[in-house]
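Heads up: the structure comes next, in structure tokens.
Per-chain numbering from 1; labels A, B, C, D and E assigned in written order.
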Amino acid sequence: MEIKAIYYLIPSLIMFCCGLYGFLTRRNMIAMLISLELMLNAVDMNFVIFNRFLFPEQLEGMMFTLFAIAIAAAETAVAIAIIINVYRSVNQVDVRTLNQMKF
Amino acid sequence: MFTNILIYFVVIPLVMLGLLALCRDVKQIRAVAVVGSLGLIGLSVYVLLEYLGIRAAGNEDPMLFVDSWSWFAPLNIHLAVGVDGISIAMLLLSSIIVFAGSFASWTIAQPKEFFLWLILLSTGVFGFFISIDLFTMFMFYEVALIPMYLLIGVWGSGNKNYSAMKLTLMLMGGSAFLMLGLIGIYYHSAPEGAPLTWNLLEIVDNAAISHGWQSFLFPMTFVGFGVLGAMFPFHTWSPDGHASAPTAVSMLHAGVLMKLGGYGCFRVAIYTMPQAAHELSWIFLILTGISVVYGAFCACVKTDLKYINAYSSVSHCGLVLFAILMLNETAMTGAIMQMLSHGLMTALFFALIGMIYGRTHTREITQMGGMMQILPYLSVCYVIAGMASLGLPGLSGFVAEMTIFVGSFKAGMADYLAGDGSLRLVFTIIACCSIVITAVYILRVVGKLLFGPVYDNHHRSLTDATWWERLSTATLIVCVACIGCFPNFFNNLINFTFKPAIFSVLGIN
Amino acid sequence: MESVGSIILYTIVCLAIVIFSVLAVTTRKILRAATYLLFTLFAAAVVYFMLDYQFLGAVQIAVYAGGIVVLFVFAILLTSHPGSNSERLASKRRVLGLIASILMLGVCGYSLLSRCNLFAGKPEMEALDMQTVGTAMMGTGAGQYLLPFEAVSVLLLACIIGGIVVARKR
Amino acid sequence: MDYSQFLAMKQEIGLLVVFLLVFLYDTFMPRSTQKGLPAFASIAMLLLTVAGCLGCCLCSCSDVVAFGGMYETSPVISAIKNILNIGVVIVLIQSIKWANGEFMTMRRGEFYELLLVTLFGMYLMISARHFLVFVIGLESASLPLAAMVAFDKNRYESHEAAVKYILTAVFSSAIFMMGLSFVYALAGSLYFENIYGALFVSSTSTMLVIAIAFVIAGIGFKLSLVPFHLWTADVYQGAPTSVTSYLSVISKGATAFAFLVVMAQVFGSLYAQVWEWMLYALIILTITVGNLFAIRQRNMKRFLAFSSISQAGYIMLGVIAYNTLGMAAMMFYILVYIFSNLGAFGVIGAIENASGKVSMDDYRGLYKTNPRLAFTMMLAMFSLAGIPPFAGFFSKFFIFTGALQGASVAIYVLVLIALINTIVSLYYYLLVVKAMFISDDECVIAPFRSSCSERLGMWIALFGIMFLGLLSPVYDSLIDLSSLSSIGMYFIR
Amino acid sequence: MSATIPVLILAIPLFMFIFLGLAGKKMSHLLAGILGTLGMGTVLVLAYYTAFHYFFSGDPAFISEAGERLQYIVFNQTWLQFTDRLVISLGFFLDPISAMMLVVITTISFMVHLYSLGYMRDHHGVFEKGFQRFYAFLSLFSFSMLGLVVATNIFQMYIFWELVGASSYLLIGFYYTKNSAVSASKKAFIVTRFADLGFLIGILVLSFYTGTFDFTSLTSVPVEGMANVYHVDLSTPNAVLGVFQSSAAPMFMGASVLTWALVLIFMGGMGKSAMMPLHIWLPDAMEGPTPVSALIHAATMVVAGVYLVARLFPLYLMEETSLVIVTVVGAITAFYAAMVACAQIDIKRVLAFSTISQIAFMMVSLGVARPEFHEGLGYMASMFHLFTHAMFKALLFLGAGALIHAIGSNDYTAMHGLRKYMPVTHWTFLIGCLAIAGIIPFSGFFSKDEILSACGNYSPLVYVWMSMVAGLTAFYMFRLYYLIFWWKEHKIPEGHHAPHDQAWTMSLPLIILALISCVAGFIPFGKFVSWNGEPYDFMAHFDWGVASISLLVAVLAIILATVMYRKENSLPEKFKNALPALWDWCHHRFYWDELYMFITHKIIFNGICRPLAWFDRHIIDGTMDSFAILTNKASELIRPLQSGQVQMYVWIYIIGALLLGGVTVLCLI
């Protein structure tokens, strides 16, 4: 048996969809961020898999993932800062309570 | 640039705007308004005389005083000006009505702002009439529309918010179609490979708009301008708008702004796309033909003076578009005459209604009566305006309507005999019926409002017209009578445009 | 033809990815979610190793597992009272989430499956040494990444400033 | 390793110098002089703008590609950057009063630093010719902004807005990168040029379409195209007014141009086949939904948020036009939009600073108490609505003209829908005018005198509103630039 | 003939109108009246001079060597040019009938001007309010009527036609504070306007086919014996000749286009001349001051319809059908009006219906005129009757005016036995009655007799019918006469003056008109007026048989009237009770007004206008508003999208992105 690209891609896609599901359903903002991390990670994996299986002679996918990890870290940092900020202000992290502005 | 006389039609209002902004008290404002509008009248008379002189010398160009300055070169947009008899007639009309309107709003509240907007509006109007570049034309057209909102909204009466908004939105809706049509014309204005142009004369010369595109663009432009020309069923802004507008604004709007519609329909839609005009005219003929009688019938039951006049305007302006669509020299001449005539007499009507309303604080004819005994001057003017409206010979309405009927009938019979159906003929006859209905509603108002016993004894203490009101109305009456008595002068002035073989393409005329 | 060991490894890793992902988004304990995330990230790192990108796998472990998850844990400890943050999902929300993710799965899965070149095996690749990565990172030519490197440093600086400003009490 | 290539990035380096200066001022100048920071930053930015404009006018700089094709600059790109600079200068001037407010003391410098970094990110987005650079630019343009949105710590809305912004932004970038991974799978490269070449010869596949959809969604998020727009209103409302105005004009303008570049240089060969119709649908949705929401807004900032959504739809007409005329018109539109919207935000900011009122109901009768502000607001509204002789009319007209060049009937229909929507937009812009001018109520906003900086900002905006359209050289030069630009080569239908 | 005098004939009244209209308020009442009267006097002299010159100077421009009278255009000024050929000109057209009309109009008008100086003031000599206005309007009317009759083309005629309509409107509504006067004036204007619509369309049809408005060209129809008389070059393209000979072909709904045109034009005439069914305005028009009724609604304006048909007579001759229609309408109207006149109480209404009936006589006369019958006797008779009728009907109206002025009421019930108090009025009124009854030697006898002869030539049926109407005429006139002047006078209440004859300004016109009525019959009218210009001796065509029969009928009718009404008796009551339905119908004018009210108010106003206005406000405007409402509704509808829940935002985002891609994929596949 040969492990084909698609065998890696499908778990990665499932990971992405799990992230999506979590992002859409979790009430805790930090849990949402965790879901986001799953999504980002899935994308990273995609790049790496494509790079490795389709275009092994270059490193673009891998480099992209490398930078994407850095970006994800930065995103997480800012997002957590903001969430903590909100927590200070309203004393909870439930995203559904953040609906003062609407319509 | 400033060697061309026409540009001053825009320059003078702009200077007026500047001066108005500097004015400190109401006297200065009035002075600026009066001097400026007199200047405009003088300018238009001067242009008229020059024009006649040049024509008499045998100049056969379709437009005179033509000049063009490049503006947005990449799109070939120019500030192009030029006039023919029709534009000059319209310029005269506008300047007279601005003049009369200034006097009619002599004692308006917040005069500075009012005149600023009013003059901005007239800037647009004048600019529109002198332009022969579609872009500048459209720009001035919209410049003329938007001040209406504030003029009605701030200085209006009654349900003014609703009316102002409705009027603005509907007119802008029309100009949405128009903008699409104009850009479409631009992109088909020249044959393959030649530079595209916005210039009307060049577009007509090129005659490059293909048949298919004409049938798409013609309705766009015609409806676009038709909304302003109060074409059924896009006329409903007119009654509400007029009813709420302050006097001078009603005057200017019915007198001049609605003419933009008719003028544009001819100058842009038909002038550049004669084939489509010929083929599609039946749709609009039906609509405008309906306008004519429909407006008149509606006017018969209204009791608010301004509503009556607004519907009467629908009817009369419908006649303008109706005649334009006949695509025949006589009828189109009549259409322009009707524009002049309707402009003047409706302005007169609205001026008088405003003056009466200013005194009685009601416009319901059921609440008034016997004004002839109380306000003889205004009442007599009202009767004269009414007579002009119902087409009494010697006043302007008659000559315009007759020219239209003669021309339309000719077109209708020609169609009928050629076996092209009797639509034109039938609608001509239907349109003719409007002279009776007009008589009905005019006399109804005159009878109820002016004649009969005094309805409300409080009205007995009212005073008759002041000098500025007299001046305003007298100006208009003299003009109405002038057209009515010496129609051939105007006829010849207008007629020239229709002489050159614009429609040679179609073999019409 | 892969070795049996790698196939077994592959199976384990894949199962880990799928299971821990699902668990991370369904568990009702937030701290557990972070833990499952950590496992998932480790599994991803293993995948990178399996695909011969050892450097990347190392970075993944260092940054993600070492940095981000720790950040999460801190944040969770800051914002939640232990044991109290179990949550019950409204079924409507769940349905909506399921619709979206299944749709996503379907659309993306279809587009992946419709590419036949994805059914190819792993081609041979030269072993990636650190030198190559380093040169690519610092070079200015084609296929070299000095500009993103500099740019990402600006981004990180800005995020630090932003994080501080936001998190600062006053 | 040719580090001299950094010299190609003159504007970015200039911007970083400004950033550094602000940073140094913030860090090392004594506390007493800190109040001078806003002015200092504005002047520095102004100098940069002037230098940029001069450079643009004087040097006939040609297209430069650096970093192995990752970065490109050309006259038209410099021009759009300069346009953004102008907007930023106005924003900075208008925000001086706010930035000198009491509660900003602790983070005055940070505001400017973050703002400059986001601008740097936008520069990168515009100049990027590689998706990695593009993504970094995109993130730099949004992450610090999230922090800026959260600046107003006293207001709860600010927090909520920040959360909404950061969560959706990160989510959107995940989707965007998902799309990118597909693109990468198809083309084997992230260089625009290579992708274009690869896609040019390959056939359309499901994966490609999905990839394009995700890319459009990712960028459309920043542009707030419907249905990727939902964060916009909340964030605009919650953010401090200065940030909102920055977000609404600069961020949007930069992204719009970057979007055009991406669509042309990456997916150009698929215009007619794939993304014209996607964009077609998005434009109709954007304009219509934006307008429909704007109708019922009472909060001025939220109102302008929806107005900006529908304006984004009009801007996209320049992309769907897919020709140099459309591109120039889009740049012109962005320029005009910057002035018009900043005119409006200038007034809103001034009133908010003076009285704390942001509701349209509070604006009733404003003309009686603050005629000049009301007048400025009205002109801004007219310009946004596209009323001549204000600049907005010209930009709208040109963008429609661009869209219709050589267009099919479908595009005519699109433009007609857009035009009909202008009526709806006119309606709600006139509602503001109505509240200020026509309403008879007593105005709750007492007469006040706005600060010099605010007035200066409004004057600049007014000047732009009045004269940008009437003076043709601006548009002419934009046309010249775009007809010379290399992006033009990609405009093949 | 120089144009000066004709221009003055038109210009003086116009000037007086403008002058009195603008400056009237600034001058005294008397001065205004005198100025107006003097102006009219001048016009009278000039018009007499012109007519005299035309008939008697022997100028070859006016009369050919063979003694035929020619048409002559004194001047013709282009007023409005539609196309090269279609031109409206304003000019001055002289031919026998226009010259005659000049005389009639100026005479009556002058009399009325003079008379009004006395009439338009109360018993204390105080002038009525608006006296100057009255004279201004009279001048306007005179101007318009003169312009009408001297029209060189049909459009000029239409122009002045409208103007007389308007001046009639103004004069009927002179007492504008009275609602009845206002509505009467409105009615008059609208009814005639409606008729004018037909006229206008008729003109349009005619001018389309002939390409001209000119009477000269229009009437140069090649009827035998005409072309040489009118000296028209038939080869010109304007000539109607070719057009209608070839266009006899175009038919429309079973009639030739020419017939349609002529019938439509006749419709205009019906309106102005108050033929059935467009007569309803004329009785109401009596709300105006009585001199106005005398001038406009008896002598001049109402005969414009007759004049119009006479003017276009050669054209009518081409289409038998149109003349038959004229005859039938005339005959029915004549009888109807005579019947109604028998049952009216208001003396002015009696006179009004009498006027309708007499004009119908003229119409019938024109309708039965054929060249082959006594060389078109009917035409001449019609014109003759027009002339004599103008005189005696003006006389009767002015007399009635004197009575009304004296009594202050229009009802004969308020009068009775006035012959003692007002002898001048009595005698002149009697002369008028005799003239209209057709008693020899008063003028009416001759003209009416000619008409009956013409009818007799045409068809015995018409003859009998018209003779019956002539008898009715005599009957109702004498009924009126007796009811006014005989019977027992009312008691004069204490402190009131007895009614008495009037000032000389009022008496003089009565006397002059009475004299004319006495002698006018002896004018050899045929010498001056005939259908083709050839003079003929009308005594040669005088049918003594017809004359004696009609005289007999008239005398019998008078005797009947005498029996019934000379003294108060029960005969009328009995008669009324015997035929109550007939009386009711006659008294209520056969319910025409009610019918019109029904049509205009119930059908047009309530059935068309109101629904249309409703339609406009609710359907059309509602549609426009509904765009706004729909937009608002849509806005409301999509509001939940912006729920404030960030997860919903994202959900929409992802679904949007997937749909965007998915739908495109589906479309591409």
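Here, contacts are C-beta pairs under 8 Å (C-beta built on N, C-alpha and C of every residue); 3 or more make two chains touch, one makes a residue touch a chain.
Predicted model only: the values in this text are computed from it and were never measured.
Fewest steps needed to get from chain A to chain B, stepping only to touching chains, is 2. Relative to the whole-protein C-alpha centroid, the nearest chain centroid is that of B. By number of C-beta pairs in contact, chains A-C lead all other pairings.
Comparing the CA-atom centres of all chains against that of chain C, the greatest distance is found for E. Centroids built from CA atoms put chain D at 27 Å from chain A. Distance from the chain D centre to the chain E centre is 77 Å, each centre being the mean of its Cα atoms. Rounded to a whole number, the gap between the C-alpha centres of chain A and chain E is 96 angstrom. Centre-to-centre, using mean CA coordinates, chain A is 6 Å away from chain C.
Shared interface positions of chain E, defined as residues touching 2 or more other chains, are 628, 639, 642, 644, 646-647, 650-651, 654-655, 658, 661-662. Shared interface positions of chain D, i.e. residues touching 2 or more other chains, are given as 132, 136, 139, 143-144, 146-147, 150, 153, 162-164, 167, 171, 178, 182, 185, 206, 209-210, 233-234, 296, 427. In chain C, 93, 96-97, 100, 104, 107-108, 112, 118, 143, 145, 148, 152, 155, 159, 162-164, 166 are the positions where the chain touches two or more neighbouring chains simultaneously. Going by the touch rule set out above, the chain pairs that meet are A-C, A-D, A-E, B-D, B-E, C-D, C-E, D-E. Considering their complex, residues 1-22, 24-28, 30-31, 33-35, 37-38, 41, 44-45, 48-49, 52-54, 56-60, 62-63, 65-67, 69-78, 80-85, 87-88, 92-93 of chain A touch chain C. Within the complex formed with chain D, the chain C residues making contact are 107-108, 110-112, 114-115, 118, 138-148, 151-152, 154-155, 157-159, 161-166, 168, 170. By the touch criterion given at the top, residues 1-3, 5, 16, 66-71, 106-107, 110, 113-114, 117-118, 120-121, 124, 130, 132-133, 136-137, 139-140, 143-144, 146-148, 150-151, 153, 162, 178, 182, 185, 191, 205-207, 209-210 of chain D touch chain C in their complex. For chain E in complex with chain B, the residues that touch the partner chain are 78-83, 86, 88, 155, 159-160, 162-163, 166, 169, 173, 176-179, 181-183, 185-186, 189-190, 193-194, 196-197, 200-201, 204-205, 207-208, 250, 605, 608-610, 612-613, 616, 620-621, 623-625, 628. Against chain A, the residues of chain D that register as touching in their complex are 131-132, 135-136, 139, 143-144, 146-147, 150, 153, 156-157, 159-164, 166-167, 170-171, 173-174, 177-178, 180-182, 184-185, 188-190, 233-234, 237-238, 296, 302.
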